[in-house]
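Below is one structure, written out as structure tokens; comments come after it.
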Amino acid sequence: MIDTPVPASFLLLVILVLPFLGAMIASGLPRHARTSAAVLSWIIALISVGCLAVLWPRFQDGEVLKLTLAWLPSLGVNLTIRLDGLSWLFSALILGIGALVVLYARYYMSPKDPVPRFFSFLLAFMGAMQGVVLSGNLIQLVVFWELTSLFSFLLIGYWHQNASAREGARMALTITATGGVALLVGMILIGRIVGSYELDAVIAARDVILASPLYPVALGLILIGALTKSAQFPFHIWLPRAMAAPTPVSAYLHSATMVKAGVFLLMRFWPVFGETEMWYFVVGGLGLTTLLVGAWCAIFQHDLKGLLAYSTISHLGLICLLLGLGSDLGAIAAIFHTINHATFKASLFMAAGIIDHEAGSRDMRKLSGLIRFMPITATLAMVAAAAMAGVPLLNGFLSKEMFLAEALASTQTSALNQALPVLATLASAFSVLYSLRFIHTTFFGPPPTELDRVPHEPPSWMRRPVEVLVALCLLVGVFPAVTVGPFLRSAAVTMLGFDLPYYSLALWHGFNLPLLLSVIAMAGGIGLYVVFGKALNANPRGGPWGMKRLNGGYLFERSQVILMDLSQWIVRHLGAQRLQPQLRLILLTALLSAAVAAAGGFVLTWPEFRVPQPHNLAFAALWLAGGSCALAAAWQAKYHRLAAVILMGGAGLASCLTFVWLSAPDLALTQLVVEVVTTVLLLLGLRWLPKRLAEIHVPESEQRRARWRRRLDRVIAICAGAGAALIAWAVMVRPPVEGVSRFFVERAYEEAGGRNVVNVILVDFRAFDTFGEITVLGVVGLTVLALLRRFRPASDSLSQPMQKRVQDASDRAREGRSEGDTLSDTMMIPGVVMRWLFPFIILLAVHLFLRGHDLPGGGFAAGVALSIAFILQYMSSGARWVEERLEIRPIIWIGVGLLIAAISGAVGWIFDQPFLTSYFQYADLPLLGRVPLASAVLFDLGVVVLVVGATVLILVALAHQSLRRARIEEAEAEAEAEQKGGAQ
Amino acid sequence: MTDWQEHLIIGPIVLPMVIAAAMLLFDERRRLLKGGLSLFAMAAILAMALALLHESATGATGGGDTARVYQLGDWPAPFGIVLVADRLSTLMVALTSVLGACSMIFALARWDRAGPRFHALFLLLVMGVNGAFLTGDLFNLFVFFEIMLAASYGLALHGSGEARIRAGLAYIAVNLTASMLFLIGVSLIYGVTGTLNMADLAVRIPQIAEADRGLFHVGAAILGVAFLTKCAMWPLGFWLTTTYSAASAPAAAVFAILSKVGAYVIIRLSFLLFAADSGASAGFGQLWILLGGLATIGFGTAGIIAARDLSIAAAYAVIVSSGTVLAAAGTGNADVLGGAVFYLVGSTLACGALFMLAEVLNRGQDPGARSGRAVFEDEYIDPFDDEERNEPGLVIPAAVAALGGAFLISTLMIAGLPPLAGFIGKLAMMDALSGLAGWAGYGVIAALSLASLGALIGLTRLGMAALWARDDDAEPAVVVGAAEGVAIAGLLAACIFLAIFGEAGFAYADHTADWLVRPDAYVRAVLGGGS
Amino acid sequence: MTGFPANVPAWAALLAACLVLAGSALTFLGAFGLVRLKTFYERVHAPTLGATLGMFLILGGSVVYFTAAEGQFMPVELLVAVFFTVTTPVTLIILARAALFRDRTDRSGDGVRVPLEGECAGVVRTPPDLTTDPRRSDAPQDR
Amino acid sequence: MIRAVLPHPILSLALFGASLLLSGSVAAPALALALLMALAAPHIMRALEVEPVRVRRPLTLVSFAMVVTRDIIRSNWEVALVILGLNASRENRVSGFVHIPLEMRDRYGLAVLAVIITSTPGTIWVEYEDATGVLLLHILDLQAGDDWADRIKNRYERRLMEIFE
Amino acid sequence: MTQIVLALAIGVLTASGVWLMLRPRTFQVIIGLSLVSYAVNLFIFSMGRLRSGAAPITSKGAEDPALYADPTPQALVLTAIVISFALTALFLVVLLASRGETGSDHVDGQEAPE
Amino acid sequence: MSGAVFYWALVVAQLFLAGAALIGVWRIAKGPRAQDRILGLDTLYQAGMLLVVAFGVRTGSHLYFYAAVIIGMLGFTSSVALAKFLMRGEVIE
């Protein structure tokens, strides 16, 4: 191995990158630019071939060219373009056949198709293939490997308006991508064993790999990758379905290139695994099975492309079998057959495509006697088919001879080996049979009757690629050593090293056993066709005899359906759509995880018993009341919503008093005002909830289930309660820990200028929490507003409340009263009181706010108190009345509040201090004396403003719904009246 | 280091808040102004985030071996609240800004008109997310979680409609429950340790009296359940699918980051608090996170396969992504974590893009939706009821092809298939996992592989249904607004960028993981008194 | 915690304690009326004991105690007294009116014959035997 | 002029006192705040279009307050007895509604009356019709011979009318 | 004694609240959430241990932390109160909207299927 | 001695007030009609406020007094809202 000189690196880069570049350019071409896309692709393929040819002289001596571009060096993953004999050969196949396919496709594709896209995909695929064979890094190989799957998916699905194309594409992608993922894991394991993903290192580390316990797994995964790609049994099923692709794609991907990627991979790893037992049994065994199954199935196809597809499967099986044998000569034969298969199969596909194109059908039952209409094509096809059948003077014959020789050579060890010659001959006979059938039914016999048009020869340029390929078949078949010898040798050297075993590339090896088997196979094939030909052509049910159950498409669909059903089952039964089970699960998980955590070291410390102090009895009595409220609320909430609201308020009051009792005056104040607002809020909401209707009918079975659920919920509730109580108790009876609070208490007055430590924490030490908290409030205000703008009440809450309607009606009915009098009479006295309270509540709020820093109070309590003052006005006088007099724009309040808080926080920046740094000072003011001035108070002011805005917004927005309803009703009534008026 | 750089860290939190607050002073008619302000805000946040990211990758904080600490109110940790910009948090902030900026651009095409105060809610959501990533204080984390959730409630319900409200109700109920658990957990931890600062906690945990450790663990477990609910671990995360798939596209897209906040906290806390040297608490809960992560991957994958709709599949993709990160974190291995961090970034962007694509494609399937009005037929009031507006500029030519490409990229990202960033992340994780002893490594590898396949199968099916014609020659008709195209392209460009500069990105992620498993440096940075 | 600080004179402390105790007892008695009295219209009178004299006594105790303790007459309790006195009737007035309305629309109501709208018949008496039917559960229009 | 600065002088006075009480101090800052509030807060009442209270006979107010206090204390005693079942008419105690036509129309006067009646144990203001001026009371213990209309009108309404009208 | 009473209070509030949260009617859920948030507030508060008559309001020169109840949990509770109030309001509005849109006050917007 | 009398008097007073609160709760839970429940709540608030005052006297601290002020001034809001809801079916019209 030598460092690659610059020009060579450049060429390497070109052959990898150019196709992708072309793909990008092609994708940008206009939809109907058929010719320019083809020319572009053609140029790209030719340039690449040229580069490859320039590099050829270097590989005669087994040289390896490498160009490493760093991609993910820390993962050991690089872009290593590595060109050796084997990859040169494959690359040549890819580019060469690619060039021919491009030419062919130019004529094959309809002008109606978006052809540039086709060429774009084709070029991208070509690049991906190049990437696979040029990979010097295992992960890089996987990357391009998956890209080939991807682009083949796009190519198969090119005519996505056909269901078969869609399904074929999906199947191919599913199977080959699955293989790709397996391959990735396999490569990662190899990389783990070897310590490197570089191909050279891996091949050099053969012994290390084989000694590793991971090796069977790694090999298995890699083989899954290889075997899926090269359509080996039982993964072969995707290939026939992929025939829905345009024929150039089939010719290219499904005969010459993509399926050969699997073969290539096997060859790549052959030096490492080639002689292991597992390799032998898996690759050899599956290869043999595929060889036979593919051939057997091919016999029964009526679709030309189907026949070719199964034949391809069979030939790939043959190549795998050769590789699986583990012998050097087998490997050489495999390489040789790879080349040969590519040439004859590509030409056959193209021929089939021509027939399809010009005769309008690929169904062998409809086709007949085409030799009269397209003699040149027929000739070409016949030659290629003969090569496929292994007729002498054609390339297929040579590699088949090598195969038969290998089959005979390894008959010593196992039963498989002993059966090998027989099975090999049988498979050869089958291949003769289907080749013969292909030719005979298509080109011979009476002229076709069931075709829509008269077949004719294609445009000559469309035939050109076929001609080239068929010529190659002939040339190789006649002059193997001259034409293919050097390439084969350099590839074999890559796999086997320089001490190659003797092999002869000659047309004639004398009379020997392989030749005899060959003759038997030939005779057998012809004989079988003579005997069964009619039955095969007629076979009304289609499909291979005895393999009905192995219908690939059916199996795949089944597997997809099963996968779908399984997934749906999982989603349905291991998931939950409804809220209650979700909450149940969360609570259960929390309980269980807490229990598990506790089990690992939860120590209950029992405090020493102390006689309860008498005054605590009152506390106990208080909670007797509070607890009863909670339980009663739980009891009543379903049918007596109002009672539940009241009871909830009771429990809240008990919490407030607890805060008083246990040294938390700020909490008591805040909770109290919040309690009030919450009650009003819930009542505003209650307006829009239905009166409890008659019992919802619940069937018996559901009732039983519901009973069980209730039981479970009761258990969860009790466990949650018990757990919370236990934990709280366990902490409360422990001595306090020395935490951060000491700092707060010690510094509150000296450094933050406030005596109320809780408030100082809120507006200074941890002001950022408060900053966030008011934002939450603001956000909720906005959300509520947004929701209520679109609020659509339920139909049964649409109308005015019963009370209103009855009272208004009675007002209307009674002499001397007008609508609304009941309301105004009722609210007259309360209104006076509530209005006069307004300034006093403002006063209270101002005090709460100002004293907050030193005494219980603070911005939040002040803000809520202030909003209660507004709410009282709304309650006593109605929304319209208030809003005619006070301009309340809560959203602005929210914005201003947030801005004040932010600005007070940003003051710190001026002094290059962090956000929310506060300043305080005792200022001597005239008349007032020493007054503490803390900038945190400004922050608290922001809190007040925001809280007022958000609270009022939430409550008023809800309250306005009634007004809006009333307005809508008025409008509707008006419209109705108008309509009536119009009608009369 | 200049002065303004000192304060840079607070920018991603305060700036969106201030601009959102300023927006409230203008009414909804000042649409252009608000759109412009939003764009400006997102651009500025992005710039700040990138500056922070650059700094933690290279610059002033010593090549990322320490963190920038910002003591709010100038009170020292652990007493005051600190913001900590370390490798992980800055990365997450940068991710948020990219995703947020693209979602905002997407919304500008039309969604910002589907309900009031969209821009303010959106910016406040960004504020909450950034705060949650940057804070170094457990209770402050709660506060930012709440900001984020409160805004997300608003955005989830943005545009109204029955499906959204139904899903929103469950979403709120579940998250309120989780928030209660959060509070219980945090306060219990405070009750046992006396501190709320994360770094200080890390110092105190080894010293917890053995008699108290059980209580501490109970607190940690409850807290963990809260976070795991928010990052949608199975069986706690069923809310996610309904909510995200029902949400309007830009909201859902930006929500892709929300569940990651939970995952972020799990990573942050489990590596900070339960590191190897945290005494009897070392490795606490790790096994459960691992198992939960695996279950989540499995469930999410099944969900993608079973999904009937692209946006549902995208939601399940978010779940899979969460599960993957959790499982990786559950292994406790730095290399796996490095891969997971990289994966997290890519998959979040891709999920965001998928939500946008889902909306565009669903719209395309509905012939009546071309004008963009039929989407809201069920509305009480047409959200776009104001003056007729012209689609801004051009309709992208060959929209279907472009969307197909975009869809392909998203699929590859989410499935973690080559050659994009999703693959790099998975590769890095698998590479590291293959070196782990025990079943965990192979278990996670298997799960990741199956998840890839499941995502591929599921998304391919849905993508084919949406993008490939059905039995007639007509291509499916899709209209993409310019802003929408730009947004999707932006996200996907970021994905491609991540793949091309994978090494730099991965190196960053890997160093981040190394930094995370050495919590002493973090502790020193925070308690040692700033940078 | 079982006494009062030394700076408070004993007489003040004891006076305060007595006032508070008396007020509490009266308040309890008022609440007890909720148990003893049979109809809503009777019960609605009961809490006024606590709202008036009970409250005055307790607040008075507080004034006495804190004036003695702080050496300064600053009866902030006065504020509570005033506001509570003013606000309690507001609730009761609306509540009684609401009850009246409900009993008018749903005659079976509380078993009390309530004067109808516009009916101005001087005195409407409710003899004690016409009290609540204990079997009657919550009215249907309760939410 | 005074109107403009002090639209509600009584309110201002009350606010001043209340503010001092809330401050718990008569130091300069507390006085300043009280003054500020007393001057500023009443303006909101202007916005609410509230008529100022005018008390014509402050002395009557004082005597009236004493009457009310006495009534309340007495009623407390009576109602306590009723609750304990110790009242004179315990066997055939009758409660019921009483209609009383009122002449007073002043809002503030009526409000004070309502508060007094309701605060007095044993009586409650139930319904008042502004159009007719008829008040409906509920009385806990309707003893024979008691003329409630007379009691309300003479003891309270008359004096209130003197004060407010 | 105080500890036991408060622990039981927390337990009863939690149990009642949790029970209601698991009920199918939206209104039950909102009451349940409120009860649980009371419980949580008390729980947070209790984490600072219990002190009576020791409000953390310092007077000059007496800044010994041992004299005062732990102020930190109190500050946390204040924040929690505000946030839970806000979210209760939000939940209420959403449940109203849900009832309006779906016509049902079931938490799932429709009765359980059979 | 006088200390003990003071203490016990206030303990008993608090028990009275707690008892009043308990009765209020009983009335809330029992009903039978909504107006009774609201009355119960009113009683409960009243007892709560007085309990705060009594607690202040017992502990000699005026710090909690604002709680009483707030109940006194604002506590009626919720019961007024409830009562208005009964009367009109709507709190704010």
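We call the chains A, B, C, D, E and F, going by the order they appear; numbering starts again at 1 in every chain.
Here is the rule we go by: a residue touches a chain if its C-beta (ideal position, glycine included) is under 8 Å from a C-beta of that chain, and two chains touch if they have at least 3 such contacts.
Since this is a predicted model, take the numbers as computed values, not measurements.
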Which chain is most remote from subunit C in terms of Cα centres?
A
Central chain of the complex, centres being mean CA coordinates
B
So which chain is the furthest away from subunit D, centre to centre on CA atoms?
A
Which whole number of Å gives the spacing of the CA centres of subunit A and subunit C?
67
Subunit B and subunit E: spacing of chain centres that average the CA atoms, whole Å
28
How many angstrom between the C-alpha centroids of subunit F and subunit D?
22
Per the C-alpha means, the centres of subunit E and subunit F lie apart by a whole-Å value of 21
Please output the residue numbers of subunit B that touch at least 2 other chains, ranges allowed.
139, 143, 146, 150, 153, 157, 160, 165, 169-170, 173, 177, 184, 188, 190-191, 196
Send over the residues of subunit D in touch with two or more other chains.
18, 22, 24, 114-115, 125, 127
Which residue numbers or ranges of subunit C touch two or more of the other chains?
1-2, 30, 32, 44, 46, 51, 76, 79, 83, 86-90, 92-94, 97, 101, 138, 142
Can you list the residues on subunit A that touch subunit F in the complex?
614-615, 617-618, 621-622, 624-626, 628-629, 632, 635-636, 640, 642-643, 645-647, 649-650, 653, 656-657, 660-661, 665, 668-669, 672-673, 675-676, 679-680, 683-684, 686-687, 800-804, 807, 823, 826-827, 830, 834, 837, 840-841, 844, 848, 855-857, 861, 865, 868, 871-872, 874-875, 878-879, 955-956, 959, 962-963
Subunit F residues touching subunit C - in the complex, by the definition given at the top:
2-7, 9-10, 12-14, 16-17, 19-21, 23-24, 26-27, 31-36, 38-40, 42-43, 46-47, 49-50, 53-54, 56-57, 59-60, 62, 65, 68-69, 71-73, 75-76, 79-80, 83-84, 86-87
Residue numbers of subunit A touching subunit C in their complex, please.
613, 615, 639-643, 686, 689, 691-692, 802-803, 806-807, 810, 814, 822, 826-827, 829-830, 833-834, 837, 840
Spell out the residues on subunit D that touch subunit C in their complex, using ranges where they run on.
18, 21-22, 24-25, 72-73, 76, 79-80, 82-85, 92-99, 101, 114-115, 117-127, 134, 136, 138, 140, 142, 148
Could you list, by residue number, the parts of subunit E that touch subunit B in their complex?
21, 26, 29, 33, 36-37, 40, 43-44, 46-48, 72-73, 76, 79-80, 83, 86-87, 90-91, 94-95, 97-98, 101-102, 107-109
